[in-house]
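The same chain A turns up in both complexes below, where it pairs with chain B and then with chain C.
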Partner chain A sequence: MESKKTLPGTPITGAEWENEVYSFRKHSVQLRYAWDAGSAVSGFLEGLKEGRILGRRCNRCMRVLVPPRAFCERCFRSTDEWVEVKDTGKINTYSVSYVNNDASRRDKPLIVAVIEIDGASPGMGFLHVLGEVEPSKVHVDMKVKAVWKPRDERVGAITDIKYFKPLEV
Partner chain B sequence: MRRVAVVGAGMTLFRHRMLETGKEMAFEASRMALDQAGLDIKDVDSVVLGSAPDAFDGVHMKGEYLLDGAGGTRKPYTRVFVGGGTGVFVPIAAWWQVASGVADIVLVVGEEKMSPLLPHPQYAFWSIFDPILERPLGVTLLWIFSLEMRRYMHVYNVSEEDIALVAVKNKRNALDHPAAQLAANITVDDVLKSEPICWPVKRLDVSPTSDGAAAVVLASEDVARRITDDPVWITGVGWNVDSTYWTNRDLCYPEYLEKAANMAYRMAHISDPKKEIDFAEVYDPFDYKELHHMEGLQLARRGEAPKLTREGVTQRDGDLPINPSGGLLGVGNPIAAAGMMKIAEVFWQLRGEAGKRQVKKPVRRGLAQAWGDLMQVGTVVIMER
Partner chain C sequence: MTKVAIIGVGYSGYAPLTPHMSFKEMMFEASKRAYTDAGINPRTDVGSFICCEEDLWEGISITDEYVPDQLGGAQRAVCTVSDDGLVGLINGYMQIKSGLTDVVVVESHSKLSNVLSQGDVTRMSFEPYYERPFLTAETAVALEMRRYMFERELDDDIPAMVVAKNKKNGLGNPRAPYSAILSMDEVLSSPMVCEPLRKAHIPEPADGCSVTVLASEEKARILVDQPVWIRGVGWFSDTPWVSQRDFSKAVYAEGSSKMAYKMAGVNTPAKHFDFIEVDDSYGYKELQHLEALGVYTKENIKRAVEVGETDLRGPLPVNPSGGKISLGDMVEANGLVRVVEAVLTLRGQGPRSLRGAKHALVQSWRGPPTASGSTVILEV
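And now, the complex of A and B:
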């Protein structure tokens, strides 16, 4: 490999790109989708509309699965029943995002977290955002509670929970 | 099972944007690998290609689109994909064919052209998340890695300084790699003071997005003995994938990687990897990932990798060199090509052909590993001289 002085490839610098030194063609596509929520998550979304968080229990491994699923992927059998869990939990891990999903900078940092939900099996939780707290005050294992949108604004979406906030002790 | 040898390797430069199309890059890397093996395309029985999400290129049959450049026309041809784990999975899928006797010579190609997607390749990763429960929150790929990094730091009491040492080492190692995109002499302080992207992840904790390709040629034992005096043998392969429910497992430790590694160790008759692996190319798209993966591979005990790094054990002249190539942090991260770069590096190191990057101690056995999807896949290849 070292005998080859330079490897193949023609890098394009940022300036060359800006000045359109090389040929390229630009095109935009817009793809629109409608995703079916499925038999388990539809029930979860209906629950959110009512201000409740629902999981599914597998009666073989006895796990309470949150987010709920129609089947237990470990036992590979259909789950058995709905279980209402709490709208409180603890922070499993968190981070502070300064970017949007196209890599542009956010105006204000956003605290994101995995929240282990009380009443679900240990370690079971979902992704959400935190509010009413400064980044420096957040810690792993902090107890938090869902802050819901007003009932008439809830549409059956994960964003029916506005954010989680620290639970006052 | 038949023995399988690596007999040649090649790669292009890794850069943020290249003039060459994906096909052209795949061709350049493939041609170089065939030349090193002293083979021509007519000698190749079968071709396996790896490339990551189609969304980068905007061509939703990327395997077929790249076919000509990978030398796959009018041959048994397969494209494989397991996210970021793809680069080390491609040679595994090629190994099946030679080990089973289906093919004697297989060309193995990893290609990635991330630059076409505007405004930034990062945007494509939005589409890997759950459309109902995660995308409405505005999730980005950086979130999940920063969440994993924070969990790892919390459980094993690891500092940002300890993690930054990995970026410093790998970017410095890359100064000796002719393909490198982000080789640099930096300090821990530079990493800590670099702009926060998604804390605890900062700009210098992350590998870049890249265009590039890398390739190797695999051969059966009788072919390998005929065409080279210096074959490198693939003695163990392992792969494992966990659930996409990434918020339901403890991110502090990659169990799926432990399973993949144990599969490969069993095959290679390795019982004490820390003693029996001479050096490793582990997947390092972020600096903490090198530590996380050393532990999943059981090259360090849980939480011990930062200490080994601090003590210099993982330097090129250390007892267990990790990422002597410069890794993804230094050489660049054209996803599937980055994993293949690691395969090529282990090959060159074992043959003593790594030039200024050659690790100090004599090496007989090396390991390459990749990782990806929703933090759920581990792919492992062990190679021996």
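And now, the complex of A and C:
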């Protein structure tokens, strides 16, 4: 007995689409922006260029904010000072991704992780990727360390860190 | 129902470029000023936060995700209104009026200097089938300007006089970066962009952030000595098709002001206000808006400009702040920028000649190619 019926719809062939059989109007835009990074982000990016990870401390709640912010969102006040933190941390969560942004299949899976940085307040850190590790070996709370690009290739971007790799102990 | 007051204002930026701060840092600075002004702590005293912005101007979609922290609104009631700042103010007014909360923060900002393809953003707003192939922001404006000037039999010198007046008014305003002494001849000899629109008619882009704190009557009386009351609000949209508009009048300004006048009980707008802040883009818009607000008529608007009635020391100062011509175009922040100016003036912190002013009107237009806008009536 047939329990489900497939509704046929109105299929459009590739040829109909390409030959513009149906009415539509194309408009392609070029939207271009250059965002002022501001004091906190600029300081962080400059630090990356030097191979250092910087945070900002709020002297009221004493949290070390990484990535740094010019203001503490809990206390609503300007943060007080720059703090250098370590380039090690532990994995808060991770995912092994097999697809690209356009849904195409990756040749090699990408391991994306949220990393809590040592020296920052609990829960503080940033998103990055993992390398030099088999996906099956990654686990929550795994200790990791930054692998930096060579100094002359660093431009002041989050990608100045190539990836994080398991910290050998 | 409670009355609603503006109890604090703050601003930051108001410059062609603001490379020293991110939009978040600009918002933090402006909101810190507003909270100090109102004597409140945003972490404990605010019921709701409203930001007004448009994703395409930001270059970030779903921008509301990126605004709470710098306003003191982390993990609180925050929303974005994708419209001019005055619409956000009106939303905040309604939240208090309805009893939902008693203190609301309204913010709006521009980082136009960060938008490298401003023309493309505006082009995205044109009707895509019939009109987009032919229009730029400037042609959309020039088409209306031509027809309006034709209907009122205005020569080129009239919009030029408005531009010169507002450039000069701005010189008394420490927040107006584009103020200047500019002669009518200098306006009229500036490069033609598309007839009859010249470069000097067009407001220059600016970065800036404005923040207002609204409160119920009960809260306002406890917190500040000089609450500025919102007595009427209105908003209105005309047709989106440029080709279908009545270019002789600003239908949206007429509609939004009627709504606000009814609420505030204003029967004779020509006599009610001590000063007016209207959108003054391209010079002629100020005139078109004043007519639509019922302050002047199509018969007497030309003479009002010629004899200086709307000058800073005339009987009805229009745009004592210097308007968009002097403050710069801050896109979605334009309306709120002018509310901040009007509030400061009503508190005696504006032009000296307007000390003691009690009644003000602020009107905004959402910019080319829109035909929508809002009106707010303020009182001390």
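The rule is simple: the second predicted complex is superposed on the first by the 147 of 169 C-alpha atoms of A that agree within 3 Å, B and C clash if a C-alpha of one lies under 4 Å from a C-alpha of the other, contacts with A are read in each partner's own complex, and residues count from 1 in each chain.
Here, contacts are C-beta pairs under 8 Å (C-beta built on N, C-alpha and C of every residue); 3 or more make two chains touch, one makes a residue touch a chain.
In this text the structure is predicted, and so the values were computed from the model without any measurement.
Undergrad: Applying the touch criterion given at the start, work out whether A:30 contacts chain B, chain C, both or neither, answering first, second, both or neither.
TA: So A:30 only meets chain C here.
Undergrad: Between chain B (first) and chain C (second), which, if any, makes contact with A:20: first, second, both or neither?
TA: Touch status of A:20: no partner.
Undergrad: With the two structures laid over each other on chain A, which partner does A:152 touch: chain B (first), chain C (second), both, or neither?
TA: So A:152 meets neither chain B nor chain C here.
Undergrad: Please work out whether A:102 is in contact with chain B alone, chain C alone, both, or neither, and reply first, second, both or neither.
TA: First partner only.
Undergrad: So, does A:41 touch the first partner chain B, the second partner chain C, both, or neither?
TA: Both: A:41 reaches chain B and chain C.
Undergrad: Applying the document's definition of touch, where does A:73 land relative to chain B and chain C: first, second, both, or neither?
TA: After superposition on chain A, A:73 lies in contact with both partners, chain B and chain C.
Undergrad: If you count the residues of chain A that each partner touches, which comes out higher, chain B or chain C?
TA: Chain A has more residues touched by B than by the other partner.
Undergrad: Determine, under the contact definition given at the top, whether A:134 touches first (chain B), second (chain C), both, or neither.
TA: neither
Undergrad: What part of chain A is shared between its chain B contacts and its chain C contacts?
TA: 27, 29, 33, 35, 37-38, 41, 69, 73.
Undergrad: Show me the residue ranges of chain A that touch chain C in the complex, using the header's touch definition.
TA: Chain A residues touching chain C: 25, 27, 29-41, 69-71, 73-76, 78.
Undergrad: Show which residues of chain C lie in contact with chain A when the two form their complex.
TA: Interface residues on the chain C side: 18-25, 28, 32, 35, 41-43, 56, 59, 68-70, 72, 74, 111, 113-117, 120-121, 123-124, 128-129, 132.
Undergrad: List the residues on chain B that touch chain A in their complex, please.
TA: 9, 11-13, 15-20, 25, 28-29, 32, 36, 58, 118-120, 122-123, 125-126, 131-134, 136-140, 142-143, 146-151, 154, 178-179, 195-201, 211-212, 243, 245, 247-251, 344, 348, 353-356
Undergrad: If we count contacts the way the header does, which residues on chain A are in touch with chain B in the complex?
TA: Residues in contact with chain B: 1-2, 4-12, 14, 17, 22, 26-27, 29, 33, 35, 37-38, 41, 45, 65-67, 69, 73, 92-104, 109-110, 112-114, 123-129, 135, 140, 157-159.
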